[in-house]
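Please read through the structure below; I'll follow up with questions.
Think of it as A, B, C and D in the order they're written, each chain with its own count starting at 1.
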Amino acid sequence: MITAGIIGATGYVGVELVRLLLAHPEVGKLSLSSVSFEGQNIADIYPNLRGNLRGKTDGTLGDADAVVEESDVVFTALPHGVAEKYAASCVEKGKKLIDLSADFRFGEDEETFRAWYGKSWEFLAVHDESVYGLPELNREKIRKARVIGNPGCYVTAATLSLLPVLIRNLVKCDLIIVDAKSGITGTGRNPTATNNFSESGESFAPYNVGKHRHQPEIARNMSCAAGKPVNVVFTPHLLPMSRGIIATVYAPLVKPMTAEEIHEIYAAHYENEPFVRVLPIGSTATTRNVRGSNFCDVSVHVVNDGTLLETVAALDNMVKGAAGQAVENMNLMFGFAETAGIDQVPAAF
Amino acid sequence: MITAGIIGATGYVGVELVRLLLAHPEVGKLSLSSVSFEGQNIADIYPNLRGNLRGKTDGTLGDADAVVEESDVVFTALPHGVAEKYAASCVEKGKKLIDLSADFRFGEDEETFRAWYGKSWEFLAVHDESVYGLPELNREKIRKARVIGNPGCYVTAATLSLLPVLIRNLVKCDLIIVDAKSGITGTGRNPTATNNFSESGESFAPYNVGKHRHQPEIARNMSCAAGKPVNVVFTPHLLPMSRGIIATVYAPLVKPMTAEEIHEIYAAHYENEPFVRVLPIGSTATTRNVRGSNFCDVSVHVVNDGTLLETVAALDNMVKGAAGQAVENMNLMFGFAETAGIDQVPAAF
Amino acid sequence: MITAGIIGATGYVGVELVRLLLAHPEVGKLSLSSVSFEGQNIADIYPNLRGNLRGKTDGTLGDADAVVEESDVVFTALPHGVAEKYAASCVEKGKKLIDLSADFRFGEDEETFRAWYGKSWEFLAVHDESVYGLPELNREKIRKARVIGNPGCYVTAATLSLLPVLIRNLVKCDLIIVDAKSGITGTGRNPTATNNFSESGESFAPYNVGKHRHQPEIARNMSCAAGKPVNVVFTPHLLPMSRGIIATVYAPLVKPMTAEEIHEIYAAHYENEPFVRVLPIGSTATTRNVRGSNFCDVSVHVVNDGTLLETVAALDNMVKGAAGQAVENMNLMFGFAETAGIDQVPAAF
Amino acid sequence: MITAGIIGATGYVGVELVRLLLAHPEVGKLSLSSVSFEGQNIADIYPNLRGNLRGKTDGTLGDADAVVEESDVVFTALPHGVAEKYAASCVEKGKKLIDLSADFRFGEDEETFRAWYGKSWEFLAVHDESVYGLPELNREKIRKARVIGNPGCYVTAATLSLLPVLIRNLVKCDLIIVDAKSGITGTGRNPTATNNFSESGESFAPYNVGKHRHQPEIARNMSCAAGKPVNVVFTPHLLPMSRGIIATVYAPLVKPMTAEEIHEIYAAHYENEPFVRVLPIGSTATTRNVRGSNFCDVSVHVVNDGTLLETVAALDNMVKGAAGQAVENMNLMFGFAETAGIDQVPAAF
């Protein structure tokens, strides 16, 4: 049994981590911190947790340094650009760190990070050794990693939707379109005009067209899988619902293929993946079917007379898109069963 | 054709007034102000208005004094306790004022206002002459008024649901229960944890149990109608939807009556009211059926072996519960058709 | 490890049972039947279950008799009036049955059942021995029962909200008002005009005013707790959300009490209950905080100068209001930990 | 003042027509029919209409032949393949017909209609003379038409989003991707598993990938505008909301252009269109801003280093996507102001 710490436990990703780790069979103790609510009890801020702390924590929100001190693994769920120093500290103290911001999503490529996030790095060594935490791409590296950059929510959906054909060079790389849609939890806990129910309910729109920060991360993953540069156009939209992401992806095939051929490749590629479900031909990935779980459902469709692959990937942005995948990474890093604590059966409604 | 001014045009009530007055046949010009967005254009803040200003305004948000100067009637849609000085100024200049805060909802009873809203009055004369703007209660007084206190949203539903039996002394006054539910627009434009979609969607709860500020206003109206003190317990709840209020009201009958007897009284009482629809026996008031309109639907039910009257009143909190009723008051004050500009047919969905 | 069977596995309550039992540590095998989908696979009808059957079932929907034959405990999730024969059969074969319809909610009182459900009974003996499955009321009887009538969703909320004061005769019994609100899953899987998103979204209304079938069941429970007849007026409403019930209950106190006094009684009464959380004074029960869990949150409020107790009870209508409570009953009947398989931490959003 | 008839008045499109025509200043009388509810009153089926019939109809739902007889213009809001005979009858009697099904959306091209809708035509002459009712494309022809095929909802959004660049041959025609999303009213009044709130709320997915019937209609319009074949891939998705469509369209530019250049072309092209609002650069079309109105908002974005035009078109699927556009066609056919009866200001929430 290990002790897990969460720095930034009261943000949405943080509290979702709390939910998952409270029920995790290999985590015996939780250590929590929050800048906004230091000294308060997390069960007062999130009353859903009342009476549920299970002896793993008394709920007190301490400071970040204490979390590092007490924990075997630290999850940082912080604004972009803040996790570095905790990572350095964890490495020094022989602890592991899983960061849920973008700070470790670009490996040693500081330039791209700086271009999109407007910040420089200070602790270059931790970036050098950090591993991008997408198990379907990097499982073995993750097992040995000390610092993990947990993937973006949209990015996970987009990457998983094309991985099998990118690796096999079955799609053209000059223009792949990712039209993605996310639930409102993606905007986080901070109340804004954008997530005010009165204006976001019963409404739908794209945002950050042509300039969302997940674009370079998607392109990086796809290029890495294809072994050559992949050009991605990415458009996110905001859905009038709480949880869930759909990525509808359009990728021209190198040569015409049938849906059956594509499906066979996907089914084989993901056969042993515990969290990717390739749907039967004729089915379509749907957010409801993965809600609250760590699954990513993928459906494949071939359109335009066999020349265009269209894939749909659905996941829960707070689970496989954030906290669940972070726990999956922890499981790999500590040699636990990969599904430990994240084997929830999604509800039908 | 008159000029109407709105002080506080960018709050939710303010912009709903803009929507209604832009389409009002007797309003030729609009004058708008906003503290938060002074100098900006309202169509940039509310893009729904783009290309819809119809020559009545160029959309510029000016200052409050200019609005008073330019307008024949001024609507104040401000935080509680601020409208007084504009009212005094309007009276002095021979203009009319309709206030949508609570400031003029208690007539000359400063004590109750102070007890519930924590503020004192400065311009007592305008309070003395102010009229409570519920047309179904005060139509003739409204026609002659210079200063109107527009009723609260919950209050309008609660009052209309019992008016016919209170006036006729058919219900007992020692304990009337008003269990009311409102859409989230009632929390206003300011984004908060309460109206963040992620937490308010797919959720429901009461709030301010036993201490909501609409309680004394409901009690005042009911007592006024009954001619004696009426004791009201009022519980508001927040619905996971944008617009609409339901008040479910429980009132013990003085003597057992049938639904038919009650229905006949309601139908007769509201026969000539343009905005109150008494539903046939067997139907139940529903927010969808009044959405976007100035209607208040009322259904009557007799339960507990004929001893308890249960009424349901449904209205759109932003229209009959706020901006629509304010326009109705304006229509009465200027001798326009009472339904002018507020005769929208509610949509089925 | 036992084998659990579900007759009616494709209705909403049935599939929620499947979700919970798939993750239940003491259930090794599941046997499923469905009249509507016999011969099909449940994972095709509910794709959320795909790849989640965990070796407990292959998903095939068989016939009801096979379920009885194969199972140690049978859950019947059927229309009212159909479960009797399965109960008789289970009793005969030494198996246990938990019925989620109303058939066994009235003990041996066939008259009330017939009056409200329009059907008579055939197997009187099983009714005689059946136990009403509300653990907070009947825990010890449930442990020994062979046939359980699982409580109604509204009924569970209403009963738990007043149990401590009814038992102690602290509230008057001549008129208790239960104003309750339910999510749309309560209308079930059958698509109707009532649950069509286009008309039920962004809308709210009461239904079945004065004549909902949960009224006699609430009255029965409350009378049983109070030891004398309790007169209940019950009004259900339909919320524009999927899961969750709130019961706002108004009960006049026998003598004035403070919120602190009431709270102390509730806290003590429910101290050892694993699934009832009495909220601190000042907090209000909210459906979001119990969503997906077996908790019933109860908040107590004293209004009207200490003379009226107002309680709010929140639960997930599909869990503590149906499938979760049924599993709780199973746990008690088989001597499992009461929380086994139903200890989900509710999510914050 | 004319008499307008609606055959199929109780479907969602039918009742939206009723809402608009009740408030239309040039329509003096309404004649309504419904197969499902013949003999009943529409205000009993849609209680939002209660007390709103304004002397234009008593609400009685008669038969279709009577509607044809009594009306100057007949709207057919029927399943595909049924309107033909009413069109023939209207032409014979000198009346006008506006059909809201797909029957007259393909001009004289029966083959395409048969391929996608599985039905043949009987009255070829009325197809020959029918006009496709998209005013932005065919305004002058519509003025003289006797039979109009009202465009599909998705089709209107997709077509308006690219019209200016197609006409000017600024985009390549070999692969245009239309990723579109619609509110649930698009599934109509018939309750199904798809529109059951419990499963459609808090969920999102594509449907009919690669085979939705609006694909050939979009391709036809785009090809017509471009003067050469345009190849379109179209993917519809279902949103958890009632009203609104967004089409996000990806079209490769013939040569790189700036957003400013594109915007100037759109602004000029739509300058005199009463219902198309080209948003300023930096704004993004959003369904909320057009809800309940006949506007189509279009925003233009240039991505992928100036090589890819991305447009977003937002409209209300029930108004500009169906009933509102039908009224617009009526206005043109009768020489009324084009905006008569469809000049609603969209609400901010």
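Remarks
As a working rule, a contact is a pair of C-beta atoms (placed from the backbone, for glycine too) under 8 Å apart; a residue touches a chain by one contact, two chains touch by 3 or more.
What you are looking at is a predicted structure, and each value in this text was computed from that prediction instead of being measured.
Of all chains, the one whose Cα centroid sits at the greatest distance from that of chain A is B.
If you compare C-D with A-C, the chain pair joined by more contacting C-beta pairs is A-C.
Centre-to-centre spacing of chain A and chain C amounts to 36 Å, using the average Cα coordinate of each chain.
Centre-to-centre separation of chain C and chain D, using mean CA positions: 46 Å. Shown for chain A are the residues in touch with two or more other chains, namely 12, 183, 185, 198, 201-202, 240-243, 286, 288, 291, 348-349. Across the interface of their complex, chain B is touched by residues 12, 183-185, 187, 189, 191-193, 195-198, 200-202, 240-242 of chain A. Across the interface of their complex, chain D is touched by residues 12, 15-16, 19, 22-23, 46-52, 185, 201-202, 242-243, 277, 279, 283, 286, 288-293, 295, 297, 318, 343-349 of chain B.
Contact residues on chain B toward chain C in their complex (touch as defined above): 175, 177, 179, 181, 183, 198-199, 201-207, 209-210, 231, 233, 235, 237, 239-244, 246, 248, 250, 252, 284-288, 291, 301-304, 308, 310, 312, 314, 348-349.
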